[in-house]
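Starting off with a structure, shown below.
The first chain written gets the first letter, and so on, giving A, B, C, D, E and F; residue counts start at 1 in each chain.
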Amino acid sequence: MPYVNIKITDEQVTREQKSELIAGVTQLLVDVLNKNPATTVVVIDEVNTDNWGIGGEVVTTLREKG
Amino acid sequence: MPYVNIKITDEQVTREQKSELIAGVTQLLVDVLNKNPATTVVVIDEVNTDNWGIGGEVVTTLREKG
Amino acid sequence: MPYVNIKITDEQVTREQKSELIAGVTQLLVDVLNKNPATTVVVIDEVNTDNWGIGGEVVTTLREKG
Amino acid sequence: MPYVNIKITDEQVTREQKSELIAGVTQLLVDVLNKNPATTVVVIDEVNTDNWGIGGEVVTTLREKG
Amino acid sequence: MPYVNIKITDEQVTREQKSELIAGVTQLLVDVLNKNPATTVVVIDEVNTDNWGIGGEVVTTLREKG
Amino acid sequence: MPYVNIKITDEQVTREQKSELIAGVTQLLVDVLNKNPATTVVVIDEVNTDNWGIGGEVVTTLREKG
């Protein structure tokens, strides 16, 4: 019954990688808390780098700086 | 003043259906808790089926399996 | 499979009222989008009025002003 | 280490404006709580006006009414 | 730089279990997406069973039914 | 109409500081995007340090290490 939300920058994440994240975090909740995987929901949000900030700066700018 | 976030898979939800969700949940908060609808905010997130997992599997894969 | 998060101020909401919110919003998703209620998750967050702001003011202060 | 999520309607917000939001809220957390900006994360979600409701109405409809 | 939010019911989760969840999901993001763990943030919300619904029912009620 | 969620660790934040955060972020949205403060909602979540992770470690543990 857990709900997990993963927010990452939108940088060419493949369907295979998303599948691994969903399988991995669901298994983690089984292993650590014995949660029922059937009702475990995982939602991945891919966020444009223009819309993500860290250290007070936009990630797009940080990427351009290298 | 309530804030409601509805996350659903992005599968051809119409503007009319979104309107019904927003009107319905706002009315529910009036009926149950006597909340002021004028400041009740509802945000609907439509999530790509590649980014939604349940039971450890990606919804896109579940849909393909039928 | 939808996920709904309802945020309201923490002001003596009863278990019965929470039950009505959960039943009501789940039914709304069945009625409008034909969603499966069995995997519809609803989470209610009750937020202290010190931690909720509207119009730039803390709700606790607005309540005191009447 | 704070995490801030800003949800706004998707109405031609520029990269410069997003940059000002990210810098401004990060600085606010430094000023008020002495938080470390290096690990302060800000995520901006731009939401389609069809998906945002207030007062029980869709924002797109409110905009059309003027 | 990812941000992960894990919502679970508030049922005597230990500090050790929380530590395993945080370490596990951070490692998963390193393994799958090569994310930098130093800026990966994980927040666990423990939600009262009165405030969690599934299948249109409050979890507290489901637990009582057995 | 914006909605802002600020998540910080639960470490003796005062009502005055919360008030400054709410006023400050509401004003920022007025200044940068000309948003209407009357319908701008801010919610502050204070999270137990046992429930917050960064760098794969629980914040409580990081605080103990100094």
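Just so it is clear, a contact is a pair of C-beta atoms (placed from the backbone, for glycine too) under 8 Å apart; a residue touches a chain by one contact, two chains touch by 3 or more.
Chain by chain, the UniProt names read as follows: A, B, C, D, E, F = Tautomerase.
From a predicted model like this one, the values you see are computed outputs, not experimental measurements.
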If every step must land on a chain the current one touches, say how few steps get you from chain A to chain E. 1
Distance between chain centroids, defined by C-alpha means - chain B, chain C (Å): 13
With centres defined as the mean C-alpha position, give me the chain C-chain D separation in Å. 21
Inter-centroid spacing, chain E versus chain D (mean Cα positions, whole Å): 25
Residue ranges of chain A touching at least 2 other chains are 1, 3, 7, 21, 39, 41, 43, 52, 54
Name the shape of the chain contact graph, picking from line, ring, star, complete and other. other
Full set of chain pairs in contact is A-B, A-C, A-D, A-E, B-C, B-D, B-F, C-E, C-F, D-E, D-F, E-F
Contact set on chain B toward chain F in their complex: 1, 3, 39, 41, 43
Chain B contacts chain C in the complex at 1-9, 13, 17, 20-21, 24-25, 28-29, 31-33, 35, 39, 52, 54, 59
Residue numbers on chain B that touch chain A, as the complex places them: 7, 47, 50-58, 60-61
Which residues of chain C touch chain E in their complex? 15, 18-19, 21-23, 26-27, 37-46
